[in-house]
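There are two complexes below, and they share chain A, which is joined by chain B in the first and by chain C in the second.
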Partner chain A sequence: MTASRLPKGGRVDRAKTVRFTFDGKAYSGHPGDVLASALLANGITLFGRSFKYHRPRGVFAAGSDEPNALVTVLSGSVREPNVRATELEIYDGLVTASQNRFPSLEHDFMAVNQLAGPIFSAGFYYKTFMGPAIGPLRSTKVWMFFEKFIRRAAGLGKAGVTADPDHYERMNAFCDVLVVGTGPAGLLAAEAAAETGAQVIIAEERPIAGGSLLASVELIDGRNAAVWAREKAAALAALPNVRFLTRTSVWGYYDGNVLTAIEHVSDFKPNRTKGQARQRYWIIRTGKTILATGAFERPIVFPGNDCPGVMLADAVRRYAVEYGVATGNNVTLFTNNDSAYEAARALSQAGVNIVAIVDVRADVSGACIEIASSAGAELVLGHAVTGTHAGKTLSSITVQHFNAQTGHVSGTPREIKTDCLGVSGGWSPAIHLASQAGGKPEWDEDLQAFLPPEPNQNWVTAGSAAGYMDTVSVFSDGATKGSSSKAKPKLPSVDAPMFDASPAAVFQIEPAAKSQKAFVDFQHDVTADDIRLAYREGFHSVEHLKRYTTLGMATDQGKTSNIPGLAIMADARGITIPEAGTTRFRPPFTPVSFGAIAGERYGDLRPHRLTPMHDWHLANSAKTYEAGLWHRPMIYGSHGETVEQAYVREARAVRQSVGIVDVSTLGKIDIQGPDAGIFLDRVYTNMFSTLPVGKARYGLMLREDGIVYDDGTTWRLSETQFLMTTTTANAGNVMQHLEFYLDCIWPDLRVHLTSVTDVWAGTAVSGPKARAVLEACVTGTSVDNTTLPFMGIVYGSIGDVPVMICRLSFSGELAYEVYCGAGFGTQVWEALLEAGKPYDIMPYGLEALGTLRIEKGHVTGAEIDGRTTAHDLHLDWMLSKKKPYIGSAMKDRDGLADENRLSLVGLISLDNQSINGGSHIVSDATPREPADSFGHVTAACYSPALGKYIALALVKHGTSMIGNRAYATDLLRGKHGAVEIVSHHMFDPEGSRMHG
Partner chain B sequence: MIIKCPYCGPRDVIEFTYQGDATRQRPDPASSDQAAWSAYVYDRANPMGSHREFWLHSGGCRQHLIITRDMATHVISSVGFARDAVASVKGGEHP
Partner chain C sequence: MAEPLSPLGHAFITGDHGNSAGGVGIAITERKNLSIVQVTAWRETVPAILTAISNVTGLSVPDKPGAGRSAGEKSVFGFAPGRYFVVAQASDLEDRLRKAIPLETGTIIDLTHGRMAIRVKGPWSEWVLSKLFAIDFSEHAFPVGFGRATLHHDIHTNIQRIDEETFDLYVFRTFARSFWQTLGHAAAEVGYHVQ
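This part shows the complex of A and B:
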C-alpha cells in the first residue's frame, strides 16, 4: 500500500499547513484533514496493532464505523484513548499515539501471539485460565494470577489517571422535529419540516453537512453534489426556526422521544477560549424524530482480509474525493454489488488508478461494464479474493473462480498486484437509533440487510436508513417524510447512472484448503473460524455468540462485523440470517466520554441543611457532624476535652440544672382540615381525635406490614389544625407517606398537608431549672404547672418575638420546646441563654442528647430500624384497640408475635469499660469466632447520672433476660466485656422528674 | 421518559417518585384477614403489557398520579390524578 496526496481534489485547504505528531514523529496536513487522511497523505499505512494477536492494522473505514485506526490523543497529562483517526480533525499541536503495541508500532513483542493462533480461539481465556473446577488449582485463583498479564497483553488504549482539567456542558433542548443526519434525505426532510413552521433541530456528526453527497460525483440540479449540499445546509441554518448542530453525534434514544447527543465544541481546536466547553451533552426532547442516518457499507469476509491496504470500497472513494488522498497506486475493488462501480467512477475521476474490479457475480449490467472499461480496470467476474500477500501492507491478492449461488471456490489461484483493495459487501441501513426505540428489525431479501423495526416512539427513518439506496429515491423519501402534506414535493434533479441496489447474497469466501485467518470483527480479533467454533461448542444464539466470542462488543459496536458474523453463524446452522436473528442495538451509538455525561455535576452534590442557629453554634466552638443533610452540633468542645468529657459535662448540667439544645431539624408537618383528627387516628397507632386543643401527644406510626415506622409528638393547635413532628431523618419520608394515603387511599378526607420544617426554629430547654429560665424571659403567658402542664401548649413572647411553647421531654427532665419563626431562632436562643445565666445554662449537642435518651430508654432510629415492632420496643401501650390504623392488622402476624424476637433492654458494663455500638451479645466469657449472637447493641454511652458505661440493646427473650450477665463482643474492633442485662428504663423509671 | 402531569404539564421522569402498583385493593381497615392483607402488601403481578401505577410528582405539584404504562415499551397511555380515580372507584365513601 502506497498512499499519497493526489495532485488535486478534496476539500482540504492546500494553501495552509497544519502540524501534528503521531508516535513522536512530526507530520503536516491541511485544514479539513482528519488524522487518517493526513497520515495516509504522508504515506503512513500502519495505524495500530490488533487486540488479541497484535497483528498490524491499517485504516479500514472513513467514519464512525472505523474498527482499526484508534489512537490516543495526548494533551499535557491528559490522555483520551480510543479516538477514531477517521473522525479526529487535525489541528496545530495535536499529539497522537498509536495503541496496543509494545514497545513500538513497528516492532511489537506480542505479535508472537499470532504464531499461537489456534490456541487463542474463541473462549480461549475462559477455558485456559479459569482453572479446573476441583483440585489444588481450583477456583479463580489461577485466573487472578494470570489476569494482570492478560489484561496487559489484550486491551485497547489506556485511560489517563489524572483529573480531567477540561470543562463540559449540558444542554436541554426542545423541538417539534429532530432530524438526525444531513445527507440527501436529512436535508430535504429538514427543509420540508422547517417549511411547516415547526421548530427543527438538525444534528450532523461530521463537521460539514452532506453525508453521501460529500463523496458523490453526481450532479444535483446541475451542480457538484457537495456544493449543492453546502448551499442547502446554509439556507436551512439561516432559518429562524432551525438549529443546525454539526460535529454532533446523536447516540441514545430514550423513552418519551428523548434523545442524547454529544457536540464536539472545541476539542478539534488548538486553543480554547476561556470557559469554552470541550464537549456539550445535549438532551433533546422532540415531538418527532426523522432518522436520516444513512447506511454503512459492510465488508466481505475472506482469508487475509485484515492486512493494512484492505479497506471498505467507500472509504477508498471518500479519501480520494473528500481529502484528495489516494490510498494506493494500484487500487483493486472487490464487490458483490453495484455500489463499487459508483466508487470506481468517482475514483477514476479523482485520478486514482484502478487495476481491477473483482466481482463475485458472473454477470453485471452494461453500466457497470462501461465504468470498468472507461476506468481502464480489468473486470474479473465470477471471482472472489481468496488470499492476500502482505508484509506490513498489502502487495498482492489471490483471486479464484467463485460460484455466487453455491459459495464454491474453484480453479487455479491467480495473483493480482495491488497495494489497496476496496471491498464492498453491500450496505446496511444505520438502524442503531431506530432499534433503540423500536421492535425487531426486519430482514430485506433484496438488500440482504435489516430494515428499521416498527417504531414504538414517534420516529420515521428516511433515505438509505429506510432502505432507499439511490439518490433519486433518497431525495423523494426525505422530502416526503419531512412534510406533513400529501402533496408531491418538488425534488432536485439528479444526473447519475442508475444502479441496482441489490447485492449477491455473499458474505464470506471460504476456500476448501487451509488458508489465512479471515477476520469478522477487526477490533476484537474475532475470525470466521471463531464463529464456527462457537457453533460447534453449542453457542448458537446470537446473544451467546456475542458473549462467547466478544463479536461486536468492542468500541465500534460491530458496525462492520454484525451482519457478516450473523451470516456465518446462519450458514453454520443451515438457517437463514433472519432466522439466526439480530441483536438489539443499545446506546451509545458512538463512544461517549464520562466527562461529558457528568458535565458540571461532580464533587459533593448534596445540599447542606443548616439550622437558623448554625452560625451561633460554630462561633461557640461546636463540633458538628452530618445527620442526613443536616449539620448539627455534636458537642460544644473547649478546654481540650475529649468528646466523652464534653458530652458528660453537658449531660450532667442538664440533669443538675438546665441545658438547651437546637431541635430545629425535627420534621414538622402542618395538618389542617375538618377531618385532620380522623386522619391522624388512621395514621397513628394511638388516638388523636380526642386530644384537646392546646395539648400534645406522643404518637407512633407503623408501616402497613406492622413494623414501626416513625414516632414523634403531635400538637393540637385548634379543632382543625395539628402540628406533627417527625424524627429528623424520616421527615421527608413521613410527608410522602401521609400524602400517599390522602391521595390514593382516603381521597374523601378533607385534610391538607404542608411541610413546615424550615418555617420554625426550635429550642429545647431541659433540666430542673428549665421553668425558672422560661419564667425569666417569657412574657404574655404564665408557664407554671397549671397553665403549662405536662404536654400542654402556650403562646407568649420572648423579647418581642412571638413563641409557641410545648412542655414535653426527651431527656426525662422537666423540659420545654420553644418554637419561633425561623428568622428569629438565634435571637430567642440567645435570650434563653441570657435568662439561664444564673443557673449556668449549658448548650448541649447530639452526643449529650443521645446520652440523656439512652439513660431513659427512649427509642430513636437506631432502634426503629425497620425490623422492630411496637411490642419489641415495649410500646404496646400505644396500640389502640378501639380503631383500625395503618399496620393494625398485620402487626398481629405470627412472625411478629414470635417469642424469639429481639426486644429492647438496657445494658450496664460490669468491667467499667465502654461498650461499642454494634457489639453482639453473647454468652461466652472469652471471645470466640464465630460467636453465637443473641442480640446487638443499638446505642452506647457513659452515663453521668448512673456513673457507669451503659447501652441499649435488642436481645432475644429480652425482658426475661433481665438480671442476667452476658458479654458485649466486637470482634472487628477487639472489644469484649461483661454486661448486666437490665430494664431499658435505666434512669428515673417512674418519670417523676419530667412531671415535676 | 416524560410524564404529562395533568397539573404541571409534561415533565421529565426525574421529577417523579414511583409509588407502586395502583391495581392492588386495600382490604377493609377493620379486617384481620391476614391473607388479604398479605396479598395487598406483598403480592404483585409483573405483567408484560399495560399496567396501572402510582407516581408522585415529588419535584412538582406533589400530587399522586395514576399512570397506565406499557411495561414492555414504557409507553404511557393515560395519566390522571390519583384522587379522582380512587374517589370514583370508592364513590367517595371510606369503609
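This part shows the complex of A and C:
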C-alpha cells in the first residue's frame, strides 16, 4: 500500500499547512484533514497493532466504524487513548501516538503472540483461569500470577493517571423534532420539519453536513452533491427555529424520547478560548426523533483480510474524494454488490488507478461493466479473494473462482498485484439508536441486513437507515418522514445511474486449504474460526457468542463485525441469519469520555453545604469534615494539639463552664395548619397536640415496621404552627416521609410543610454558665428558670437581631439553642462569644459534641441505625398507649420483642486504652477469629468527665449484662481490650445538671 | 439594625469574568434587601389567595400552573399547586400578607433568610441556565412572569422569568456559594459580569 496525496481534489485547504506528530515524528497536513487522511497522505499505512496478536493494522474505515486506527492523543501529562484516527481532526501542535506495541509500532516484540494463536482462541480466559484445580494449580492463583503479564500483552490504549485539566459541561435541550444525521435524508427531513414551524435540532457527528453526499460524484439540482449539501445545511442553520449541531454524535436513546449526544466543542482546536468546554454532553428531550443515521458498509471475511491496505471500498472512495488522498497506487475492489462500482466511478474521477474489480457474482449490470471499462479496471466476475500477501502492508491478493450460490471456492489461485484492496460486502442500516429505543430488528432479505424495529416511541428512521439505498429514494423518504403533510414533497433532481442495492448473500470466503486467519472483529481479534469454535463448544445463542468470543464488544461496538459474525454462526448452525437473531445495541453508539458525563461536576461530584457561620469557623482554626453535604467543624485545634486533645479540652470546657456549637445543620420543618397537632400525633410516638404554645418536646418517630426512624425536638410556636427539628443526616428523608403521608395517606388533613433548615442559624450554648452568657447579651426577655424553664421557648434580641431561644440539652448540661435569621448567624455567634468571655467560653466541634452525648447516653444515627427499636434504645417511655401512630401496629411483633435483641449499654475501658468504634463485644480474653460476638460498639471517646475511655454499644441482653466484664475486639485494626458493661447513662444519670 | 451577611463570602467577586474580552454574555447579580415569603393555599382557596396577594402587592396573577407577574422589585409566581413566592423590597411584607390571609385561606412562611436571590440577565441567559437545569427555558415553554421549581445538582431552585433575557433564581442559602461558583463556571464560556 503506497498512499499519497492526489494532485487535486478533496475539501482540505491546500493553501495552509498544519503540523502534528505521530509516534514522535513530525508530519504535516492541511486544515480539513483527519489524522488518518493526513498520515495516509504522508505515506503512513501502519497505524496500530491488534488487540491479542499484535498484528500490524492499517486504516480500515473512514468514520466512527473504524476498528483499527486507534491512537492516543497526548497533551502534556494528559493522555486520551483509543481516539479514532478517522475522526480526529488535526491541528497545529497535535501530538499522537500509536497503541499496544513495544518498543515501537514497526518492531513490536509482542507480535510473537501470533505464534500462540490457538492458545488465545475463544474462551481463553474461561478455559485457562476459571477451570477446575489440577493438582497444586488452583486456577485463580494461576490467574493472579499471569494477570499482570496478560494485561500488558493485550489491550488497547492506556488511560492516563493524571487529573484531566479540561473543562466539560452539560446542556439540556428541548425540541419538537430531533434529526440525527445530515445526509440526504436528514437534510430533507429537517427542512420539512422546520417548514411546519417546529423547533428542530439537527445533530451531525462530522464537522460538516452532507453524509454520503460528501463523497458522491452525483449532481443534485445540477450541482456537485457536496456543494448542494453545504448550501442546504447553511440555509437550515439560518432558520430561527433550527439549532444545527456539528461534531455532535448522538450516542444514547432512552425512554420518553430522551437522547444523549456528545459535542466536540473545542478538542479539535490548538487553543481554546477562556471558559470554553472541551466537550459538551447534550441531553435532548424531543417530541419526535428522525433517525437519518445512514448505513455502514460491511466487509467480506476472507483469509488474510486484516493486513494494512485492506479497507472498506467506501473508505477508499472517501479518502480520495473528501481528502484528496489515494490509498494506493494500484487499487483493487472486491465486492458482492453494485455500490463498489459507484466507488470505482468516484475513484476514477478522482484520479485513482483501479487495477481490478473482483465480484463474487457471475453477472453484473451493464452500468457496472461500463464503469469498470471506463475506469480501466479488469472486471473479474465470479471470483473471490482467497488470500493476501503482505509484510506490513499489502502487496498482492489471490483470487479464485467462486460460486456465490454455494459458497464453493475452486480453480487455480491467481495473484493480482495491488497495494490497496477496497472491500464491499453490502450495507447495513445504522439501526443502533433505533435498537436502543426498543424492539426487535427485522431482517431484510434483499439487503441481507437488519432493518429498524417497529417504533415504540415517537421516532422514525429515514433514508439509508430505513433501508433505502439510492439517493432518489433517500431524498423522498427523508422529505416524507420530516413532513406532517400528506402532499407529495418537492424533491431535488438527482443525476446518477441507478444501481441495485441488493448484495449477493456472501459474507465469508472459506477456501478448502486454510493458510491465513480470517478476521471478523478486527478490534478484538475475533476470527471466523473463533466463532465456529464457540459453536462447537455449545455457545449457540448470539448473546452467548458475544460474551464467549467478545465479538462486537470493543469500542467500535461491532459496527463492521456484527452481521458477518452472525452470518458465520448461522451457517455453522445450519439456520438463517434472522433465526440466529441479533443482540440489542446499547449506549453508547460511540465512546464517550467520563469527563463529559460528569459535565460541570469537575473537581467535585457534589455541592457543598455551608452553615451561616462557616467562614468564622475556618478563620478560627476549625478543622472541618464533611457530614453528608455539610461541612462541619470537627475541632477548633490549637497548634500541635491532637484531635483527642482538642475535643477533650472543648468538652471539658462545656462541663466546667460554657461552650457553644453550631447546630444550624439540624433539619427544620415548618408545620402549619389547623390539623398540625393531629398530624404530629400520628407521626410521632408521643403526644404533641397537648403541647402548650411556647414549649418544646422531644419526639420519636418509627417506621411503618416499628423500627425507630428519627428523633428530635418539636417546638410549638402557636396553636397552629410547629417547628420540627430532625437529625442532620435524616432531614431530607423525614421531609419526604411527612409529605408522603400528607399527600397520599391523610390528604384530608389541613397541614402545610415547608423546609426551613436554611432559614435559621442555630447555636447551642451549653454548660453551667450558659444562662449567665445569655443574661449578658439577650434583651427583651428574661432567661431565668421561671421564664425559660426546661423545654421552654422565649423571644428576645441579641444586639438588634431578633432571636428565638429554646432551653433544651443534648450535652446534658444547662443548655439553650439560640435561633436567628441565617443572615445574622455570624453576628449572633460572635455576640455570644463576647458575652461569654468572662466565663472562658469556648467553641466546640462535632467531636466534643459526640463526647458529651456519649457520656450522657443520648442516641444519634449511630444507634438509630435502621435496626433498633424504641425498647432497644430504652425509649419505650416515649411510646404512647393512648393513640395510634406510624409503626404502632408493628412495634410489638415477635421479632421486635425478642429478649435476645441487642440493646443499648455503656462500656468503660478497663485497660485505659481507647475503644474502636465498630468493635465486636466478645467474652474471650484472647482475640480469636471467628469470635462469638454478642454486640458491637456504636460510638467511643475519651470522657474528660469520667477520666476514662468509654463507649456506647448494642449488646445482647444489654441491661442484664450490666456489671459484667467483656472484651471489645477489632481484629481488623488489631485491638482487643477488656471493658466493663455499664448503664448507657454514664454521666449525671439523674439529669440534675441540665435541669439546674 | 444589623445587616444580614451574604452567603457568598469570598466567592463574590465583582467585575468581568470568563471569556469577557469581547463583551459579556450575561450579568449576575445578588439581589439584596428583599423579603421572600411563601404563601400556600388550601385546595379550594387558590382564588382567594391570589386575590389577597393581588391586594397586598398590586400584582394580579392568573390561576394557572406556574403563572406569575413581576413589576420592578416586586414579583409573585406559582411553583407548585397552590404554592406561591411573593417577593418585594418591603420588610413588612410578611405582616401584610398575614393580615390579608387568615388560616382558613392559607399559610405563610417567611423564607427571606433561607433563600438567596440571584438575577441572571443577558442574551446568553437561556443558554447558560440550560447547562444547569433540565427544563425548557425557551420563551414559548417558559413565558415571561412564570415560575418553575426545579433542581440542579440536588439543589432545589425556584426560577421566575422576568423578561426575554432575565431570570430570577431563588437558591437555598446553605447551597448558595456552591451554586454561585457552578453558575460562574457555566457562564465562563460566554463571559459574565458580577455586579
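Definition applied: the second predicted complex is superposed on the first by the 760 of 996 C-alpha atoms of A that agree within 3 Å, B and C clash if a C-alpha of one lies under 4 Å from a C-alpha of the other, contacts with A are read in each partner's own complex, and residues count from 1 in each chain.
We take it that a contact is a pair of C-beta atoms (placed from the backbone, for glycine too) under 8 Å apart; a residue touches a chain by one contact, two chains touch by 3 or more.
Note that the structure is predicted; figures quoted are calculated from it, not measured.
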Next on the checklist: Going by the contact rule set out at the top, does A:Trp746 touch chain B (first), chain C (second), both, or neither?
Outcome noted: first
Checklist entry - Looking at the overlay, does A:Ser502 come into contact with chain B only (first), chain C only (second), both, or neither? => result neither
Next on the checklist: Contact-wise, after the overlay, does A:Met890 reach chain B, chain C, both or neither (first, second, both, neither)?
Outcome noted: first
Checklist outcome for this item: The answer to whether chain B or chain C touches more of chain A is C
Checklist entry - In the superposed arrangement, does A:Ala277 touch chain B (first), chain C (second), both or neither? => result second
Item to check | Which of chain B and chain C A:Asp800 touches, first, second, both or neither | outcome: second
Checklist entry - On chain A, what residues does chain B touch that chain C touches as well? => result 285
Next on the checklist: Can you tell me which positions in chain A touch chain C when the two form their complex?
Outcome noted: 167, 169-174, 199, 273-277, 283, 285, 599-601, 606-612, 614-615, 629-630, 664, 670, 672-674, 720, 750, 752, 754, 756-761, 799-801, 821-827
Checklist entry - Which of the residues in chain A come into contact with chain B in the complex? => result 254-258, 285, 456-457, 682, 704-705, 736, 739-740, 743-749, 884-885, 888-890, 892-893
Next on the checklist: Under the stated contact criterion, what part of chain C meets chain A in this complex?
Outcome noted: 1-2, 4-7, 9-10, 18-19, 21, 38, 40, 42, 103, 106-107, 109-115, 130-136, 138, 141, 153-155, 172-175, 177-179, 182, 185-191
Checklist outcome for this item: So, in the complex, the side of chain B touching chain A is made of residues 1-2, 12-13, 17, 19, 22, 26-27, 29-34, 37-38, 40-41, 54, 56, 58, 62-64, 73-76, 81-84, 86-87, 90, 92-94
